[in-house]
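There are two complexes below, and they share chain A, which is joined by chain B in the first and by chain C in the second.
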Partner chain A sequence: MADVEETKSQSGLLNRIAQMVYYNKSEITEELLKDELYPEMSREEFKALYDKMKGLLKSIAIADMDHSQLEAFLTAQTKKQGSGRVSAEQAAALSRFWKSQRVRVRESLLAQSRWETTLKGLSWRVDLQAADNLRNSDHSDPVALMELELGRDGQDSEFLCLEFDEARMNQMLKKMADIQESIDRVVHHA
Partner chain B sequence: MSSSHAKDPSFLGGRIPPEIESMSRNLKDVDHELFRKLLKAVVSALEGKDCREVMRSVAEGSVIPQERLSHIIAGMHRLLSEAIRIPPSSLKQEAFKDDLRMLKMPEDFITDFSSVVFGSRRAALEAASSQKDPHLPTLEEFKWRVDVSISTSSLSRALQPSVLTQMKLSDGTFHRFEVPVSKFQELRYNVALILKEMNDLEKRSILKIQD
Partner chain C sequence: MIRFLILTFRTAGKKNLSADELVSKLEEGSNKWCKASIQVLCTLWSEHGASVHAQQKVHSMLSTCQLVDVQWKLAMAVSSDTCRSLNSPYVSLLLKVLEPSGQISQRSFEMTIPQFQNFHKQLKEMAAIMETV
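What follows is the complex of A and B.
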């Protein structure tokens, strides 16, 4: 019975740490965590546990460990002496956590190092110009309207509205192909 | 007198615009040479060129008071704008001339107006007026760079490519932003989709607005 509870608390702890550190949900505090997961533990004891778990998670995340690296790392941790030692349950919780959250944590860390404005979203529509007040339209050319959402975390986005005729759109596509080629070259060398 | 069908309303509409009426009145005792100078300046202005210098020198060299000249110029501008609006398939040269005759303008002047509207300069005038359509900014310049981040303070092996973009728009503004690879794929896909839509639209020609 206690084991199941312990497992839940371990997983809960890791999830909460991730939310605070990686997913930017800052309403959770250490105090609240302790009350929620380990109410019988003393403050100092909990702090030690919290710091230990957070530290382990950080080491795993910064190295973006794969399965074998993680296993080796956790095994080493379980063989340590003293308070730094990780119990088998804790190691199992870390392993489970990382298996499911690795990609998400990595994405979050990458996003944290993007300080420039980034492209967040895009919407568009294609219109046919039917008439206007200055000249006739024998030839109704299609016009594409694009709305780009540009923003940074923590700031309101800016919406950029642009107009394209077919020629310009073609140019854009060609540039996109050039960029793609460049990315492919880079990815293959990495 | 042969019975003729009712004349179609003037290309200027049921009511002659006041600038044009005023122009007709003020064209009395304006000589042909001055008329041509003014017309030339107005056509340049319609093509988008800056004509203040030209207008000034025409005004200074003329005995006609400035106020009268401004009425003439305003009228010319309006008349030509209205005429260019209508496709040549709808407004034929003879009808145009007839409408101008109703304004009781000298025949020489009518011929000059006609040669602007139906002559070789028309294309330039149409192109210039389409620039004044209400429209959103367009992309004038698109510069890019692909970067790879090797390592960050929170990831020792990032190896993540990213596209840095700088756009210059027709309204003069610059926008610099980063496009993560996943977003780039989305952008590229959508651009291709838009082009396909545009091509399809032209092929289908859903709306064929013919006069």
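What follows is the complex of A and C.
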């Protein structure tokens, strides 16, 4: 009975730590965590446990460990002396957690490393330019209007509206094709 | 205060926020709003929010820019302080645009590979429509 409870608390702790550190859920605090998962523990004891698990999780995430690296790492941790030692249950909880959350943590880290302006949204329409006083009125040229939403997390976006006639659109497409070619050459070899 | 309100209304218009969304945004920012003020803002926005948004749309259409030049870069984020092996490719574009005022300005932004591919796909769709029209 006690083991099952302990396992649940270990997993719960890791999930919560991940939510705080990687998934940006800032409503969770150490205090709340302790009350939720380890109400009988003293604050100092919980803080030590929390710091230890958080530190281990960070080490695993920073290195984006694969299965064998993780096993080697956890084995070494279980062999340590003193308070830094990780119990078999804790190691098992870490292993289970990483197996299921590795991709999600990695994506969160990737997103956190994007500081520059990104493309947040795109909308467009194609208009037919009606006659104007410079041209022959039976010749209508299509015009594409594209609205780009550019922004960063935590800041308001800027909307940039661009106009393309056919010639400019073709130039743009050519550049995009060049980019795609580069991607095909480089990314598949990575 | 006035500046704050102007900025808030401008953002709410651009994002086409409903009156409720505007109120939650304000409350998120500060818990010092009194009920009466919130009520006034809520009513005001319910009545005028939609037309602010429509006007902004027109305005941004009227300030259409011409693309003068596009430079691009395909880069790879290698490592960061929170993840030693990012290995994440991304596309960066630098657009030189001619604004209606006659000034040339620059905008740059990044896209992940899937974002870029979607961007490319949309451009192709636009071009296809332009051809058939």
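As a working rule, the second predicted complex is superposed on the first by the 170 of 190 C-alpha atoms of A that agree within 3 Å, B and C clash if a C-alpha of one lies under 4 Å from a C-alpha of the other, contacts with A are read in each partner's own complex, and residues count from 1 in each chain.
Simple rule for what comes next: contacts are C-beta pairs under 8 Å (C-beta built on N, C-alpha and C of every residue); 3 or more make two chains touch, one makes a residue touch a chain.
Everything quoted here is computed from the prediction, not taken from an experiment.
In the superposition on chain A, A:169 makes contact with both chain B and chain C.
Judged by the touch definition given at the top, the superposed model places A:88 against neither chain B nor chain C.
Shared-chain residue A:103: touches no atom of chain B or chain C.
Once chain A of one complex is fitted onto chain A of the other, the partner contacts of A:4 are absent, as it touches neither chain B nor chain C. In the overlay built on the shared chain, the residue A:182 is in contact with chain B and with chain C. Using the contact criterion defined above for the overlaid structures, shared-chain residue A:113 touches chain B and also reaches chain C. Chain A residues in contact with chain B (one complex) as well as with chain C (other complex) are 61-64, 106, 109-110, 112-114, 116-119, 122, 124, 126, 128, 142, 144-146, 150, 160-164, 166, 168-173, 175-176, 179-180, 182-183, 186-187, 190.
Note for the complex: chain B touches chain A at residues 81, 84-87, 89-90, 126, 129-130, 132-139, 142, 144, 146, 148-149, 152-165, 169, 175-181, 183-184, 186-188, 190-192, 194-195, 197-199, 201-202, 206-207, 209-211.
On the side of chain A, the complex with chain C involves touching residues 58, 61-64, 106, 109-110, 112-114, 116-119, 122, 124, 126, 128, 142, 144-148, 150, 156-164, 166, 168-173, 175-176, 178-180, 182-183, 186-187, 190. Considering their complex, residues 61-64, 106, 109-110, 112-114, 116-120, 122, 124, 126, 128, 130-132, 134-138, 140, 142, 144-146, 150, 160-166, 168-173, 175-177, 179-180, 182-183, 186-187, 190 of chain A touch chain B.
On chain C, the positions that touch chain A within their shared complex are 11, 14, 60-61, 63-67, 70, 72, 74, 76-77, 80, 82-92, 95, 97, 107-111, 113, 115-117, 119-120, 122-124, 126-127, 129-131, 133.
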